[in-house]
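What follows is a short report on a single structure.
Think of it as A, B, C, D, E and F in the order they're written, each chain with its own count starting at 1.
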Amino acid sequence: MKIGFLKDIEPRVSLTPPAHIKYVKSGYDVSLEKGAGLKSGYLDEDYECKKFSRSEVIKNSDIIICVDSSSLREIEKFSNKTLISNFSGEKDTDKLKDGIRKNNITAFDLSKIPRTTIAQSMDILSSMSGLSGYKSVIKAAEILPKMFPMMITAAGSIKPVKVVVLGAGVAGLQAIATAKRLGAVVEASDPREAAKEEVLSLGAKFIEVEGAVEDKEAGGYAVKQTKEFLERQKQEVSRRLKEADVVITTAQVLGSKSPVLISRSVVEEMKPGSVIIDLASSTGGNCELTKDNEITKHNGVSIVGNSFLASELAHDASNLFSNNIFNFIDYVVKDGKFIDQKDDIYKSCKI
Amino acid sequence: MKIGFLKDIEPRVSLTPPAHIKYVKSGYDVSLEKGAGLKSGYLDEDYECKKFSRSEVIKNSDIIICVDSSSLREIEKFSNKTLISNFSGEKDTDKLKDGIRKNNITAFDLSKIPRTTIAQSMDILSSMSGLSGYKSVIKAAEILPKMFPMMITAAGSIKPVKVVVLGAGVAGLQAIATAKRLGAVVEASDPREAAKEEVLSLGAKFIEVEGAVEDKEAGGYAVKQTKEFLERQKQEVSRRLKEADVVITTAQVLGSKSPVLISRSVVEEMKPGSVIIDLASSTGGNCELTKDNEITKHNGVSIVGNSFLASELAHDASNLFSNNIFNFIDYVVKDGKFIDQKDDIYKSCKI
Amino acid sequence: MGELLNFLSQNEVLIYLLLFTVLLGFEVISKVPSVLHTPLMSGANAISGIVILGAIILIRTTDPQDFFTLILASIALFIGSINVFGGFFVTNRMLEMFNKKKNK
Amino acid sequence: MGELLNFLSQNEVLIYLLLFTVLLGFEVISKVPSVLHTPLMSGANAISGIVILGAIILIRTTDPQDFFTLILASIALFIGSINVFGGFFVTNRMLEMFNKKKNK
Amino acid sequence: MDKILFLISAFLLVWGLRLQSDPASASKGNKFAAVGMLIALFSASIMPLENSSGNYLWILTPIVFSAVIGYIIAKKIQMTSMPQMVSIFNGLGGLSAVLLSYTEINKWILSPESYPGFVLVVLIVSLFIGSVAFTGSLLAFAKLDGYRWSEKLTLPFQHIINLILLFSIAFSSYLFIDSSGGYTFLYIIISISLIYGIFFVAPIGGADMPVVISLLNSFTGITAALTGVIFDNKVMLLGGILVGAAGTILTVLMCQAMNRSLLNVLVGGFSSSGSSSKSDEQGDIREISDSDFAVQLFYSQKVIIVPGYGLAVAQAQKLCKEIQEVLESNDVEVKYAIHPVAGRMPGHMNVLLAEADVDYSKLIELDEANENFKTTDVAVIIGANDVVNPDAIDDTSSPLYGMPILKVWESTSSVVLKRSMSAGYAGVQNPLFFKENNKMYFGDAKDSLQRLSTELKNL
Amino acid sequence: MDKILFLISAFLLVWGLRLQSDPASASKGNKFAAVGMLIALFSASIMPLENSSGNYLWILTPIVFSAVIGYIIAKKIQMTSMPQMVSIFNGLGGLSAVLLSYTEINKWILSPESYPGFVLVVLIVSLFIGSVAFTGSLLAFAKLDGYRWSEKLTLPFQHIINLILLFSIAFSSYLFIDSSGGYTFLYIIISISLIYGIFFVAPIGGADMPVVISLLNSFTGITAALTGVIFDNKVMLLGGILVGAAGTILTVLMCQAMNRSLLNVLVGGFSSSGSSSKSDEQGDIREISDSDFAVQLFYSQKVIIVPGYGLAVAQAQKLCKEIQEVLESNDVEVKYAIHPVAGRMPGHMNVLLAEADVDYSKLIELDEANENFKTTDVAVIIGANDVVNPDAIDDTSSPLYGMPILKVWESTSSVVLKRSMSAGYAGVQNPLFFKENNKMYFGDAKDSLQRLSTELKNL
């Protein structure tokens, strides 16, 4: 089978040299768009595969892969081929589906991989969330005019920074771990029952809010919470936000808009110089003032709306992403054919 | 005594609200230029002292203080008064000294405080270096397209970042500690004998280079090294730099240009995407390609030349700085008069 | 009761000895880690083969012509000795495991 | 040598007893943590006051008119008893410290 | 001369036993005891006897033969069948005592005046206990070896039957002494004693055999002591009593190690064996005791630690590092096998171990770990579950099927630290826990590791 | 009857001693032994004696008086003077044995036929050992209590003099027995023995006294045993031997705990005393032993740890945290006092303690710490030096003069952990080390804390 990897608009690339070796071992014929890895620090020389222009790659391949579907504006060219990408950033889903159907394209959306133990090696959301969580803290530390750790020095003492993490999923947990590492005092909130133990297992404090709704069927995902819960949570959290220096929000609910956990008035009560990093911005943001893909300032508080911070760690992100894709292909393709369409993972990703 | 604090061009401020309380307790009459603390996150309302315009502050005070001497372009206005500031960033020292003499100004350069145990509470170099060391690592982490810690994940493993620190003084040590915290593998080099133990005490590796020159009289400072030593050191260090992801250089020698430890050719052999943070840039830089106060890119390697990273942590930096100044004044002023001119600290700082 | 007291005072020292031996037996074993249970059992078993001393004494005091006794005692000695020798050897093998470490 | 052997066989049981007592003494103490050194020393010291049994026996077998012996032995008893009683009480006080913590 | 030798021998036996209670000196202790035994044999052979008549050939021949046979058996036997061996040996010891007593009693029957009655009582008791030890040990062996009779066999009214047997023995003995030695009574005594031995062991489960053997061993010790009384030999007396006492304590300790009482074991109490306190269709699990675990680690060459989410929950990473350091200072190679999905976020284990300052070079990834397990003595699984679940390989119906996992069971043995038998994230039971070479060490990981660390430091 | 009582008493003494070797049961053990002793006293008073003549008043009076006196002393005495007390008691025990032996010898002089020569030898040995124990213990007491004679006093040719003394005793004894009892010889024996006791203890340093007391105690045990031989009393004999053996082992263990050999202690070896091994014009320093340190911390209410650069050098932060946790689990309040310039970079201690995951709330700053020391039981200074130097306050000529420092000496006691007496960064000596209420605990901080932690966990 011939697989082609396209260059993305964003810095990540869907094939790295180590992943390439795996494809070759598995007997695939790999081609790469020229210069695709440059922004992640992989030169064309680093790859031992064919490098073509974009149109040639598309023409020559059965399966075409790129990191983000927004790089795929030439949908008609993919007719009768297979497309694998992350479609979660897609603005106009209907149009895309239309194009896919019309052109008889087999398309897989990697962001739909189920959150099961066995699928974890293909789960781009997990791997990218981890990176985003880390980077969110680094970014906050870069913006914040304070040091994270406590310091008792001859010139006076520096108090440790207070970090509040809202949403202790994969990204949130990694943010907690990173902030703890840097010496911050960390508190976190999440409606999922399991989250409490997970937060404590990283040495952070958990903000208790009663009355969360849980759905065991949701596959580990959080479900929509009641108004009352969200209100109680807002109260509990706001109290802490006034003291906080850094707030990192990751709260998402599968299939709906992210809950708004920080209202304008709370932002206005926060200390000047504080930083909010909103990783949920692409699904509407957890802060009322978040603007997706923008850094705004309100009353001295910086609000960073960015759901794709992983892209800033392009080197590592590309590495994990391309491994995820390889693992996916390795799973769904057996002996040159796609496997049984009833397979859980196959079913979930198929558009 | 009347003390006036001026607004600086840079974000730090030489008086913070907690320091103000100390002055008041010691019986000083304090005035502040309007808006001086804004950039450090201190609003005028936060201070319970008189706020004046710049010229008024100067007119009304016996002692005038600002963070950095480059904000003091009206030297003639200070005649017969006392000036306390950090003069180390001064480009044209001769002209300044001239002005001071002509206008009969008593001026103290805080950057000249001796490195003794007793003077440590006034030592702005120490306190600012600590902050710079921390920030250098945060900045590197922000720029680097990789994660610092090692991660073994379902999508493949991320190797820990390698950090090399050149110069294990106050800033270097803090950089080592911060990088270790974030999970990097850290190595450091320094010609001072005591540095080895200090580096090891932070859990980092020490790069051994034989034949360093030491001078017990230098008060803890490093002295100029022989050509042979610098050559050997370059070799030892270069080997590691090729593997390194982040390099933080702080090597300075009292009273002379900083040693060049990284030549252009070494930079060219480094991995694309790597980052060099040169904290010694104001005294010439430890890397041949460093440009002071600029971020340059060479062959994919980012080189940050910035000796005043502490300014980016304006909140904490102002705090420590203003404590240092208070401690200094508290030391040199006894009962409304300057103390014995033979005092070590007094002597060292007096311009 | 009087008889017992009598017996006691006649064999006073012996009784102290028995008491102390029992105490010693308890004391010696009381803090053994459980990995040593099996080897120790084996070692104690080998020691309990001390009964063959009786066989030796019996044989030595038996009339050389009294083949019945001699044969029976010899068998007892033979069987008992297997217990003793086999016991010590087996114990030794089990315990060698522990030695390996120390010699490194 | 011959005499020694003779002595040995006459007092065989006693000698075993002494040997075992010494072993027991060693065994009982050999694993004591060092915090217990002082109390244990004190406790052992109290036991060593057992010498006063001698004084009691002596007094009981002395002619009631032999005041010299009686007085001397009584003093010995008095002094020795201080050792015994004081010893046990003092040890007890030292050891109560360990109890206190445990009871909390 | 012989007296001194006996004294020395007694000392060596005691001291040898004492040394055997500490792993570091145990081997030396066994040698001490062996030397003590040799000295005793030697002095028993040279000691002046009233009416000694030599017969040295009758002595030397059996000793030489048995020494050779004992040596060969000991060499050939597999390490795993040690308990069986001990059991056989013990039976032989019992038989030897029986024969001796029988011979002596025989002497008495022939010339009733040669012994006072009290000696005869001693002889009969010795005969009885020896017989019980003999058949009991043989049955214990059979249960251990074949596992054929390993079920407990309890007759109805077992206790009453036992009482009747005991009473019959006592009564026959009385008749025997009273009749001044009818062989019939003697044989009745012997037969019932032998049967009693079988009845004694029969109701006890196969897994409790070691306890029984230890108990029977202390019985043999007592017969030796009794025989010592008859032959007026102090070493026999003392050695026997020593073994009797030590054996009894040892038996109690072994019961404690299995969390059972001795009575419970003897009555064949609540289950067929202590080592299977929990079981379902998957089979039995085995628990490991503190000291066994510590010793096993201590004497390993290579240990691999598999951390999981439970380690994070317990926040026991620092203790884990501490144990690593203790082991390393004893030349044990320690590695951490990091499964890619261990924990609850990517890299959770890295974060955790970095907090404890575990060197990166000690961490090995899945593939490398799986190559390593084959040469590993102990795999220590701390709070991990799904990532070491063999169903991921074997069971196509498992939700984990297809996930690469850490094959800890390929190491010589594995120990799992967790609080209960409950499942991990994926919610499925783990067949690893029931494997032959796996042991469980229950408790919150922090407590468990604390106990382990204390135990290790005391070694 | 009395025989059975004696047997029970012997058992209680042994078992009591045994229980006393474990902190958990020690108190019970002491009571066991006390009961054993009472039973022995009782049965000695009731046992049938050949020519008993009553005299019960002579027995009861001293016992009642001494019991009351013993009780009062034990109640009144301060915990800190326990070793002195034991020393006095032991001396009394020795004296009692001397008096007894003397009385018996006196009897022999009056009627030489009443004892065989061998008993006389035993008596004289008992006399000798008792005397040595008596004067030795008194001197030991004086050295411990007053510290006046705490220096070692070594005569030239000490060993030769000792030999001569021993020889004179032996020779006088020979003459005494030979002459069938000249009082002169007897008094010579006693006098020289008393002198020898002083010579025996004199060369030993004050800090080694506990070892000496323990040794003298085992001597007393031996005299008790010897006396037991004379009075043909098994409990005396066995009790004495038991104490003799246990005392000897204890002595050896105590030496080991101080890292010395017994010989070394007795010869007065390399230093006059452990507690003042170094001294200059500043005065003496006192070392603290592992167990004392552990006990002191364990029974404190509040402990403040002062970390310094040495803690970082030793990389012992995790051990430090471990000790904090052990103490806290025993209800000791633990805080860390962070001096602003401790370490080698601003915030060094914060970085260090954060690595060990010490909670921020446990850290207190200079001013707060200085308010806290007054109510602190123990300040533990780990690898800090300049930051706790009182010269910064007292000595205008010190380079540190004027720097605010941590006033650790205001706490009830302080312990400094460092490797040697060498100076810190500022290069000046620290008078804290010589303060009355300060003790030193030498060694690399990692080793020291490891030792301390082990000791603490054994409590």
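Just so we're on the same page, a residue touches a chain if its C-beta (ideal position, glycine included) is under 8 Å from a C-beta of that chain, and two chains touch if they have at least 3 such contacts.
What you see is a predicted model, and the numbers here were worked out from it, not measured in a lab.
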- Query: How many steps does it take, at the fewest, to get from chain B to chain C if each step moves to a chain that touches the one before?
  - Reply: 2
- Item | Chains touching both chain A and chain B, listed by label | E, F
- Task: Could you let me know which interface, B-E or D-E, is made of more C-beta pairs in contact?
- Result: B-E
- Looking at Cα centroids only, farthest away from chain A lies chain D
- Would you kindly state whether over half or under half of the residue numbers at the chain E/chain F interface are used by both copies, giving same or different? same
- Find the chain most remote from chain B, comparing centres computed as mean CA coordinates. C
- Message: For chain C versus chain D, what separation do you get between their C-alpha means, in angstrom?
- Response: 32
- Message: Based only on mean CA positions, could you tell me how far chain E sits from chain F in angstrom?
- Response: 42
- Approximately how many whole Å separate the CA-defined centres of chain D and chain F? 19
- Report, in whole Å, the distance between the mean C-alpha point of chain B and the mean C-alpha point of chain D. 74
- Multi-chain contacts in chain C, i.e. residues touching at least two other chains, fall at 13, 16-17, 20-21, 23-24, 27-28, 31
- In chain A, what residues contact two or more other chains? 120-121, 126-127, 130, 149, 151, 153-156, 158, 181, 183, 203
- Item | Two or more partner chains touched - positions in chain F | 14, 18, 238, 340-341, 346-347, 351, 354-355, 357
- Message: If I apply the definition of touch given earlier, which pairs of chains qualify?
- Response: A-B, A-E, A-F, B-E, B-F, C-D, C-E, C-F, D-E, D-F, E-F
- Query: Which of the residues in chain B end up touching chain F in this complex?
  - Reply: 116-118, 120-121, 126-127, 130, 133, 170, 173-174, 177, 181, 194, 197-198, 200-203
- Task: Within their complex, state which residues of chain F touch chain A.
- Result: 338-341, 346-347, 349-351, 354, 357, 360, 363, 365
- Touching chain C in the complex, chain E uses residues 13-14, 16-18, 20-24, 26-27, 29-31, 33-34, 37, 40-41, 44-45, 47, 49-56, 58-59, 61-63, 65-67, 69-71, 73-75, 77, 79, 82-83, 85-86, 89-90, 92-93, 95-97, 99-100, 102-104, 106-107, 210, 213-214, 217-218, 220-221, 223-224, 227-228, 230-231, 233, 235-236, 238-250, 253-254, 257, 289, 291-292, 294-296, 298-299, 330-331, 455, 459
- Seen from chain A, its contact residues with chain B in the complex are 11, 18, 40-41, 43, 120-121, 123-124, 126-127, 130-131, 134, 138-139, 141-142, 145-147, 149, 151, 153-156, 158, 178, 181-183, 271-273, 300, 312-316, 319-321, 323-324, 327
- Query: Can you list the residues on chain D that touch chain C in the complex?
  - Reply: 13-14, 16-17, 20-21, 23-24, 27-28, 31
